[in-house]
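Structure provided below as structure tokens; questions to follow.
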Amino acid sequence: MQLGILKEQKEGRVAIVPKGCEQLLGLDIGILLETGAGEAANFADSDYPEGVKAASRAEVLKQADLLVSIHPLADSEMDKLEAGKTVVALFEPFRDDAVAPALDKRKLRAFSLDMIPRTTLAQSMDILSSMASIAGYKAVLLAAHTIPRYFPMLITAAGSVKPSRVLVLGAGVAGLQAIATAKRLGAMVEAFDVRAAAREEVLSLGAKFVDVEGAAEDTSAGGYAVKQSEEFLARQREAVQQSAAKADVVITTAQIRSGKAPILLSAETVHLMKPGSVVIDLAASTGGNCELTENEKTINVNGVTIIGDSNLAALMPQDASTLFSNNLVNFLKLFIKEGEISIDMENEIISSALITTES
Amino acid sequence: MEQFFQFVDNNLILLYLLAFTVMLGFELISKVPTVLHTPLMSGANAISGVVIIGAILLLRRAESDDYFTLIMGTLGIILGMINVVGGFAVTGRMLDMFKKRKTKS
Amino acid sequence: MLASALNLAYLIGALAFVVGIRRLSSPDTARKGNLLSAFGMGIAILATLVYPFGPIPNNYGWIAGGMAVGGGAGWLAANRVQMTAMPQMVSIFNGLGGACAVLLALIEFRQLDTMGTSAGISALLVLGLTLLIGAVAFTGSILAYLKLDGKVWDSQVTIPNHSVLNIVLLILAVGGLVYICTFDPPSFGLVLGYMALCLVYGFSFVAPIGGADMPVVISLLNSFTGLSAATAGLIYDNQIMLVGGILVGAAGTILTVLMCQAMNRSLFNVIIGGFGGGASAKTSDGDQVAKTVTTSDAAIQLFYAQSVMFVPGYGLAVAQAQKVCKEVDDLLQANGVDVKYAIHPVAGRMPGHMNVLLAEADVPYPQLLDLDEANSALPNTDAVVIVGANDVVNPAALDDPGSPVYGMPVLNVWDAKNIIVLKRSMRPGYAGIQNQLFFHPKTSMLFGDAKDSLQELAGEIKNL
Amino acid sequence: MQLGILKEQKEGRVAIVPKGCEQLLGLDIGILLETGAGEAANFADSDYPEGVKAASRAEVLKQADLLVSIHPLADSEMDKLEAGKTVVALFEPFRDDAVAPALDKRKLRAFSLDMIPRTTLAQSMDILSSMASIAGYKAVLLAAHTIPRYFPMLITAAGSVKPSRVLVLGAGVAGLQAIATAKRLGAMVEAFDVRAAAREEVLSLGAKFVDVEGAAEDTSAGGYAVKQSEEFLARQREAVQQSAAKADVVITTAQIRSGKAPILLSAETVHLMKPGSVVIDLAASTGGNCELTENEKTINVNGVTIIGDSNLAALMPQDASTLFSNNLVNFLKLFIKEGEISIDMENEIISSALITTES
Amino acid sequence: MLASALNLAYLIGALAFVVGIRRLSSPDTARKGNLLSAFGMGIAILATLVYPFGPIPNNYGWIAGGMAVGGGAGWLAANRVQMTAMPQMVSIFNGLGGACAVLLALIEFRQLDTMGTSAGISALLVLGLTLLIGAVAFTGSILAYLKLDGKVWDSQVTIPNHSVLNIVLLILAVGGLVYICTFDPPSFGLVLGYMALCLVYGFSFVAPIGGADMPVVISLLNSFTGLSAATAGLIYDNQIMLVGGILVGAAGTILTVLMCQAMNRSLFNVIIGGFGGGASAKTSDGDQVAKTVTTSDAAIQLFYAQSVMFVPGYGLAVAQAQKVCKEVDDLLQANGVDVKYAIHPVAGRMPGHMNVLLAEADVPYPQLLDLDEANSALPNTDAVVIVGANDVVNPAALDDPGSPVYGMPVLNVWDAKNIIVLKRSMRPGYAGIQNQLFFHPKTSMLFGDAKDSLQELAGEIKNL
Amino acid sequence: MEQFFQFVDNNLILLYLLAFTVMLGFELISKVPTVLHTPLMSGANAISGVVIIGAILLLRRAESDDYFTLIMGTLGIILGMINVVGGFAVTGRMLDMFKKRKTKS
């Protein structure tokens, strides 16, 4: 069987790095690498082990039985794929009901990496966590670099500088990492989340938690947050407004698994914010937590910079690729046996991630 | 009552000694770390074997044909000696775990 | 002049006891303290042996024989016994000391009886007390030994309302003592009967007390033996017996109280509330019990270890204990202990959670081991300190296919020699499952907020 | 007397912020503000206190007796100034011997803020320190944001990430701040300097000091480093090479007061560095500490990004302006008495900073 | 029976002394301990007063008068004295106790002389010893008081080779004691001469010892007074005098040794090396001396303060003491002390140096005060702890126009009630100039690496 | 020498008492924090005023016309009383600074 590693079209990460190929070669498969796939992440083709064949994109698409990439292939390319092939990528089927049927129609077997359950056992394949963690870290660096002020407090001969205030909305994996990084840089950090467990987690990082009562929670949601009532969201927006008005940086990460991200930062709130402050919206791709966010754009509203970017991990291609690759290889090892794909539908991880079968 | 006061007056210094010994005993132990409880108990136990001295005194004074006293006394010496020797030895073994020297300044 | 030589030897012996006990109460000097006490005992015995009392039978043969047999037996027993069986051994030794006092009293009583001389009420009282206390110490200690060794179970030796029985026996024993004193001299048969009563009382006294409380009981019986030695000292007007006995009596009593405190119980509770005793000192899950450890024992264990590995988990974060943890680390390192941290990949609640915390506490990176490094270092580790971790050290991941964590790589802390777990309760962690590690024979629990526990540990280590 | 605040032409800072104007107005002087001077630093004209008159640049240049700016005026504008006026800016006369004569010719009285001595008393006017401090902080943020890797060590389910190594060359004000910031972010930091006092200072921040023996030092240089022998520099370059080859980030700040910055990072060393690593050269404006640095440019050599920027403080305009303003106002208060300029040549600070008199 | 009541009262008194002293040795219980000792004394005195010895003159009028006068005087003196003059007061009290013993011995000697009865050599020895020890305690204490109060200078009371004189006097005193014992009874004139000799010796004994060592000497003389009370107890065969005196003698001796240790000196060194004594305990600059403080005194000062302000400087960074500093902070806050940090704008070696360090130690921002805030809070601050700062707290910046730091704003730490300075030596800071603050009356120095000093402070505070 | 041993034998228990009292005194003080040195010294000093009991005994037994004894004895009582009352009072004042209670758990 041939595995094909594709070069990402819109960013610098690569799905599998040289170290990952070494492990995969041990599984008795052939590997095709699109030329220059890892270059932007500082992995030259020559860094890949012997046994990995570099080839043009067309060749890889044609010859490989198993195609891995971070983002799904464009529809046009997908159409050209032979039926029966297996594709692995972040398809996000829970966001768009059309994804699975389309793949089905093309008779492709597809694993969606974002469907891997967040169970204890699957942690080593949890790409969402690895990437969210990078995004949280990067969001703070980006914010610190963007605001025209110091993060930490400084008392100097030229006067005292007050510490910046950072507000983190949504204390999931990305949010927690953002909190930790902002704390490290000396900012005063407040955070907010609807999940009850988040409170303790926020406090455990030494940050302040903003309490809003009456959040809905569903323990059957696998740790994910659920949609909140409009009444709660209103109350929450008010609490957030108070903190946001004082904040220099707001980082929002709140997601709901199937649906539009909740609006936590209203346009009104943004207008109350100080000029020079920054909003970084990691939920931009699903509509954003800020009413004014435009996905993949940086805009300036009344002196407030709003950065909408859900793909910050791409800004750190080398480590991001390495971690992605580690997770992906752990996942591939689940179903590549003796050089072939062999699918065990009993396995919860495989059955969850498999969104279409080739038949 | 009268007898009691008599006793107090006659053994005044002895009473002081007893009281002070008790306080000294308390004072000595009061700050021992938990981990030394067992060795300390064991060491104190060995000391309580001092009763063997009574057995020796008794035996040295016993008539050579008073076999009851001789046998029972010898038994007492054996028991006391086990308590003393065994007690100190076992305490020593327990304490061997503290052999490592501190390198702290 | 010679008389004062004997007296001086006794005085020196007594002082050696005092200083010996004093030194026994600090780990640094304890070994010397033990030697000093032994030296004091040696001097006293020697002086008693060689002092020329004038033309008396001496019976050196009998004495030498007895000493050789007893000394040899004691030495062998002490050196053969397993490290773990030491408390039992102490208990036996203590019982024999009590028995010795009983024999002395018995012989004296018989002499009174055979001679028919009257001895005075105070002498009778002293003899009777020696008999009573010695007998209780004797049978009590033997039963304590049997219980500790698992040879006898509570249910085998107790009856319902056992404490009533004990009170009755105590009244009988005291009454008997008074009764004996009304005869001067009492008949030997009466004395033998009284002795039997005392022996039974000693046994019955210990019977209802739970196995976990045996160390406390031994300490109490030890102070009894001391008191019987002291009263025997009154018989012979012998100061070293008196002083040594009182000293042991006082020290034993306060030690008993301290031991109770360390277990968070009162002495009364131990003795009277005997049934079901020990429950509060143990935490059980069905049939299983988790051992607890006191802060100072944990401190000693770490301080005298060659290598210590901390396993931080989410509890470290919750308690914000990273800095105190580093303080303990520094204290241990200052004493030559090799300290490492095992960082499980998913410890905490976000990737790198432990890294963030330990960096905040300035733990140098080379001290951090990842899963594989830690697992290969663990077999050579003397003590593992688990600070608020749970799921990441759950053996079910390896051996319980039904467990939700089965298959997750975990830290094999059970490969180390000792495991100390710092957490607040027996509650489970994130995965919500019970952890068999807490019932592992190598594991002892130190309950409490991790920061508080570590702070206390630091304090104890500083005192060592 | 009228004081004129000019808008910077090439960057966003402003020499005096609203709070500074309040203090100055108390000295009985009039203030002219070039329209929009503070805008880029988030100080609107309307934020300035009453009594500050907004005016066009031409007006300010014409009417003000005392002109303050961060960078000196362009020659063309300078030529148009009336003789007898006083100009205050960072002229850097020690770098270019032509600066002072040129001003002299125009019969302008000039204070160069970089000539204020680094004495204890002058610390509250020490603009070099305030700005260097910001530059050091910003350099680390820039580096952390640029490299494709994490700064801190992370042990995660997706594998362990090694901490980045940061090498700081020159542990002056900027270097120390860079060390502190990089440590905060979790990097492993090494530093190097020629001044003996720097060693203890570096250690006091918890970083490692790279020892190279035989540095020359001149205690009469007012705390500044002096030029080193070529032999020493060679030895130093070697030591630096070893550390640099392992480093992910090199931040260089080494300056010599009067002259070209020493070359500490040879082209050869840069070629030994890992692809993806970053060099930030704060000494770029005086030639750079790296042989390949191009001033005010970001170049990529063999995958190593080299950023030459001596003016990083401009990237944090708000706090930078505030601190600059505080320092500057403290300095102005030295010689503005009862609404007029009154110069006391006995005062060491004034006499050092005054580089030309109007006569 | 009544006799035993007296004896029991004495026994209770003696036990009260023991327990009282024991409690006096821990800050928490000290006040109760003092009351207990006083209670013991009260019982003993009362029992002595009321016990019916039979038909004796009693002289209650004289006794009551003496007690009223003495008690009143003592009470007034104790309550009027300034807090700072307490050691002097103790010294006087102690001298009077010694004088009382001298009077007792004197009266007894005179009675022997007038009666012409022989008393036996041991009685004479006891009387003579009481006289000797009491006299030395008396005049020695009085001189110690004079020195402490600054009324007498070393140079006024010493001669060259004073220690030779002391040895001669000591030999004479011991010789005199032996000589007196050869007469039975000795003539009163002889005794008076001997007393004069002893009084002179006491004076001469203390004369060469430096003023800074007076507390040690008072403690030593206090144990002498105790011994004289004990020997006086032998005269009257009175156990409470004997036991109380011995107790004080032993406690005073070990206390003296401890005090020497706290000053890093040996007792021998204090007594013999009297000349120039105290130099090592002080650090001087020309005529000026900087006071030092022990860790535990500093701990007490901080612990019982309402508000404490830390002033960190470059030394904090060098010592990397930020985390221990925070630990001390936490300990103080846990006891209700209000803790703040005063951050001088140029403390350290780079802008914001202290901020970076304190953030690393997780000191919350609201605890940090900048220059102005700190200067307005300082007058209401009980104790300032300067941790390795120097130039930023140099008063020369305010009042010495010739100083290179003149005109720089500094932290006015001298507005606070007490100042403790943690640094390693008297070396200057960055500016290279001496700091008069270290000689300020409110300042005490705690020399040593800041991290070590703070660590010890933390330990002491925990023990409080 | 002979006399010495005689003394030892006659006062055996007294010797034990002395030795134990000394040890007890040592033991009691050995762990006192520096800051308590002065109050402790002062408290011990007050106790050493126990010598006043001798003065009282003396005075109660003195002949009513033995003015030397009466005057000197009264003087002794005055001095001793100053020592006792002043000593305890001054100790109490010193200790007042420890009044604040710990709020530590």
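Letters are used for the chains, namely A, B, C, D, E and F, taken in the order the chains are written, and counting of residues starts over at 1 for each.
Throughout what follows, contacts are C-beta pairs under 8 Å (C-beta built on N, C-alpha and C of every residue); 3 or more make two chains touch, one makes a residue touch a chain.
Just so you know, these numbers come straight off a predicted model, no measurement behind them.
Looking at chain B and chain E, the chains in contact with each of them are C, F.
Considering every other chain in turn, the ones in contact with both chain D and chain E prove to be A, C. Think of each touching pair as a link: the shortest run of links from chain A to chain B has 2 of them. More C-beta pairs in contact connect the chains of B-C than those of the other pair, out of A-C and B-C. When chain centres are defined as mean Cα coordinates, F lies farthest from chain A. Distance between Cα centroids is largest for the pairing of chain C with D.
Chain centres here are Cα averages; for chain D and chain F they lie 74 Å apart.
A straight line joining the Cα centres of chain C and chain F is 40 Å long. Taking the mean of the C-alpha atoms as each chain's centre, chain A and chain F sit 80 Å apart.
With centres defined as mean CA coordinates, chain D is found 38 Å away from chain A. Within chain E, residues 18, 22, 243, 345-346, 351-352, 356, 359-360, 362 each touch two or more of the remaining chains. The set of chain B residues that touch two or more partner chains comprises 13, 16-17, 20-21, 23-24, 27-28, 31. In chain A, 123-124, 129-130, 133, 152, 154, 156-159, 161, 184, 186, 206 are the positions where the chain touches two or more neighbouring chains simultaneously. By the definition given earlier, chain contacts exist for A-C, A-D, A-E, B-C, B-E, B-F, C-D, C-E, C-F, D-E, E-F. On chain B, the positions that touch chain F within their shared complex are 13-14, 16-17, 20-21, 23-24, 27-28, 31.
Here chain A touches chain D in the complex through residues 12, 41-42, 123-124, 126-127, 129-130, 133-134, 137-138, 141-142, 144-145, 147-150, 152, 154, 156-159, 161, 181, 184-186, 274-276, 303, 315-320, 322-324, 326-327, going by the rule given at the top. In the complex of the two chains, the chain E residues touching chain F come out as 17-18, 20-22, 24-28, 30-31, 33-35, 37-38, 41, 44-45, 48-49, 53, 56-60, 62-63, 65-67, 69-71, 73-75, 77-79, 81, 83, 86-87, 89-90, 93-94, 96-97, 99-101, 103-104, 106-108, 110-111, 122, 215, 218-219, 222-223, 225-226, 228-229, 232-233, 235-236, 238, 240-241, 243-255, 258-259, 262, 294-297, 299-300, 304, 334-336, 460, 463-464.
Here chain C touches chain D in the complex through residues 343-346, 351-352, 354-356, 359, 362, 365, 368, 370-371, going by the rule given at the top. Remark: chain C residues 323, 326-327, 360-362, 459, 462 touch chain E in the complex.
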